């Protein structure tokens, strides 16, 4: 396949979106859903083709810029609209279209009874389009287009049920918080243009070699870009929107707020690894923020009661792991985790969607329990996802997480401890979730019990596929392979062989030991969860009572929303109020009124001129014309 | 060859006649005609210059002027018709909608 | 046949004078005639005379378009509106215009003529360097077409949109009920 | 030496006079033909008393018209009332000047001949408008208004129906168009959708001449005689003359555009045959005009406008677009017939 056909990849979803936008209401639901799925499937097919044709090339040539059209050509500012096809972007489009397709299929059933069916698929396809532009774009500006596009779609889909106040509020919150990140990103872009005179990846990255490591401008650029990444990928301190984003339909949470969009920040930082490598400071910041977020969010996840919120905090936490990987220079490990996480987190969200669907919208795990029987298949797949997330051998999460931790261990032991603690929490809260949802006594309301049913095939098949991927997805990154694992090998042309830091220095024995250790930690977490929620269910209550302060702190998510409210929103309001009462009313209005009075006075003086009679105007005009020409004659 | 200044003189005269008409007349339709007169004066100058420079751009410009004139007349006459409906007259002195 | 002696009186020059005099005279009539229909007819004559001037300038295509568009369509529209509105009792001509404005307008007109005329009289008009043969050839029309679809493509398209907008606008304006 | 009185100009003047007189003669003949055709269509015989087959009937009528009292309504605008009938005759006669009657003869061979025809056709509306307005009577005004709207509407469609030919021929000169048809086949046969374009053009030509079924401007039954209500005698006969001159011009243009002009078998050997062919084709078309007039009922006014704007205009645009598509899709075909 000629790589120029890569343009079709985003084009198909765009077409689907446009068609559904204009004709969606006229078409039947079947047609709408089929169209949307077919669009993404076609993209996936083209992506697979692109993968094979890229694979057929020599590794050092695996970077092709496909020029589509000249987008902006103003003076020295020249931005072509082009796609960059390299191993990284191909991997990303495979994940986006592959997982995206499964979630589309799932959605056709999940959203079946919703009135905004066509609108939903319009947004979903538009999201796929934007995400593909984001990962394929060959310049910061093209990336930014996709970046903003996915942000918009995220906003639209979080607030999909806009009649619900909490949903539209959550949408707004996501939008506003993202705006802060985007502001940083835009500033970073401007600084890049100012520094390199271009926004194209190839030119910027080749231009970066002129700079020595640790130059302040590099650090500034990287930190600004990282602000954007924090917003999009929900890292401290901008993570607050993601848990609220769970107000959207569950497949959306799976696609956008777990599998794809939130990894955009990771992708972007990985894409810019050339710049980050030049700034140890920025790398350190990335690593610390990632590590702290990983543990921080995991601890919040320990006590949440909403099934989707647990998963949301888990997502934040896992994203933290990815950044941790990037921060220690293990870029391919980070991307590896992006991929495996996409599989198992999408699986978990879709599974939770299946549960919610079965319970007619119930999300509180305190009102679930004993669903293993009636929802056997969902349980089975959910368990797979949980094991993968907890990092149990041989599930996908084990490999990617351990590669990250291995790399961290080689760089910074403190962060490694943080990461392992996070892994423990992860295993604990996930199995808490499983035990509370699927085991124990049924705490369902009688009405929910009445409606209880296993999900239809269109929802289950994607679950099975993802469950399989959650197992085998990790095997492409098998450790201890001679010459690095296949995934790292595949990504080598992008990140360079030196990206696999540390791995070679220490012996295999240590690596295996660490693996065993983290596996043990995970199993310990599972055991504690079993102890708490299966063996002695009174224990967590007692613990919560005895450590009331800590428990409440976690339950209220460290009061971050409240702190933001008090530290930012409230002062902002009071400042606005002050500006309003004093500056606006007194100063601005005063000036405006003065101007108004002046104009009114001048107007009443000049109103005689405005007779409203066109003839008079024409006369004055010609008079002026003659006078002006006369002036030039005299001059 | 007739010298270009001859044509420009005609153009000047026609234009001035148009201007004078716009100022003098009270009938909106006639004023409109005077505007057409001015446009024609401009067209004449365009074509005259086109011949002088041996290029066709002037003629193309006339083509555009005519198109714009056609559009303008369509809208203008529609305005005059609706004005007549309100005021039973096309005398511009009886219409002062431009007054604030 | 008697040989009348007029120095350098050529066919184009004679035609020019005929058309020029007709154009100016009829232009004058447009602004002085009382009856709007008469004004319109005078304008039609002016337009046709200008078309004649175009012919003497070698702009055959423009001349034909002038007649078709201006005389054949625009002015007919004027007449149509005049007839539709039955403008008989309207203030006619220059009657009813006060003496002051009359003089002022006349003075302004004269001033304009002198000013612009002095420019015409004093300025030098260098001839263009392009090939005169190509300009006068019968391919004139073809070349205008080519220009329209190459260098002036964008204005051409914009003008077509303008026409569409004008079309809609006039329909909306002239419609009685909405 | 004044070039004005050059031989060429004299020749042109003589030829012009010739055309005018021939057209006048033809008109008298056409009036007779019309009455005969009408008679036979209505199962009558038509005029037969004056002269052989009643051939001199029209002459007698003309004399009668000359002798009648020339009435000018007292409330009419005298000048315009007088000018209007003249304007009825001038445009069709003038536009005839560019029609190549014969390989050896066309009064004026403009390279923009067809534009000239369109220009003068567009002027012919003035006669009716002015007649309607200057008569200062309700019937006349209504007739004039109708005529204006009708002629502007159908003029558009007429211009558009010609466009495919101009596009394929690549010239605006009627003579060149005829010569192109000489080389191969008539436009009506070669052009994609030629018969349709021809039909559309014919319909527009009938509408432009205000003949039945498009004779609403004069519509006897509703408007007495429309714009011509107040006219009598010579002035009225001028309108009559103008109508027939317009028919002849319209048919002559249609012949040149679609039916190969003066072309026909053996024209190269016996050039004079060209005139015969030309006249025969023109008269055949004129017969169609008459046939239509005496066969079809009149349109209602809204139907007329609807037909013009909602059917004819899209249809002509359609033939134009399809013609353009054929031109690019079948370049071989195009070059075979019109390639240079």
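A few comments on the model shown:
Here the chain labels run A, B, C and D in written order, and each chain numbers its own residues starting at 1.
Basically, a contact is a pair of C-beta atoms (placed from the backbone, for glycine too) under 8 Å apart; a residue touches a chain by one contact, two chains touch by 3 or more.
Worth saying up front: this structure is predicted, and the values here are computed from it rather than measured.
When the interfaces A-B and B-C are ranked by C-beta pairs in contact, the top one is B-C. Between chain A and chain B the centroid-to-centroid distance comes to 61 Å (mean Cα coordinates, whole Å).
Distance from the chain B centre to the chain C centre is 8 Å, each centre being the mean of its Cα atoms. Distance from the chain A centre to the chain D centre is 74 Å, each centre being the mean of its Cα atoms.
One inter-chain figure worth recording: chain B and chain D are separated by 32 Å, centre to centre, where each centre is the mean of the chain's CA atoms. Counting partners per residue, chain B has 19, 23, 26 as the residues that reach two or more other chains.
Contact of a single residue of chain C with at least two other chains is seen at positions 61, 65, 73, 77, 82, 84, 101, 104-105, 108, 112, 116.
The touch graph of these protein chains has some other shape, matching none of line, ring, star or complete. Those residues of chain B whose C-beta lies close enough to touch chain A in the complex are 19, 22-23, 26, 31, 92-93, 95-100. By the touch criterion stated above, chain C contacts chain B in their complex at residues 12-13, 16, 20, 23-24, 27-28, 30-31, 36, 39-40, 43, 46-47, 50, 53-54, 56-59, 61-62, 65-66, 69-70, 73-74, 77-78, 81-82, 84-85, 87, 90-92, 94, 96-97, 101-102, 104-106, 108-110, 112-113, 116-117, 120-121, 125, 127-132, 134-135, 140, 143-144, 147-148, 151-152, 155-156, 159, 162-163, 165-167, 169-174, 176. Per the touch definition, chain A reaches chain B in the complex via residues 607, 610-615, 617-619, 622.
The residues of chain D lying in touch with chain C in their complex are 1-6, 77, 80, 110-112, 115-116, 118-123, 125-126, 129-130, 132-134, 141, 144-145, 148-149, 151-152, 155, 172-173. Considering their complex, residues 1, 3-4, 6, 9-11, 14, 35, 37-38, 41, 44, 60-61, 64-65, 67-68, 71-73, 76-77, 79-80, 82-84, 86, 138, 141 of chain C touch chain D.
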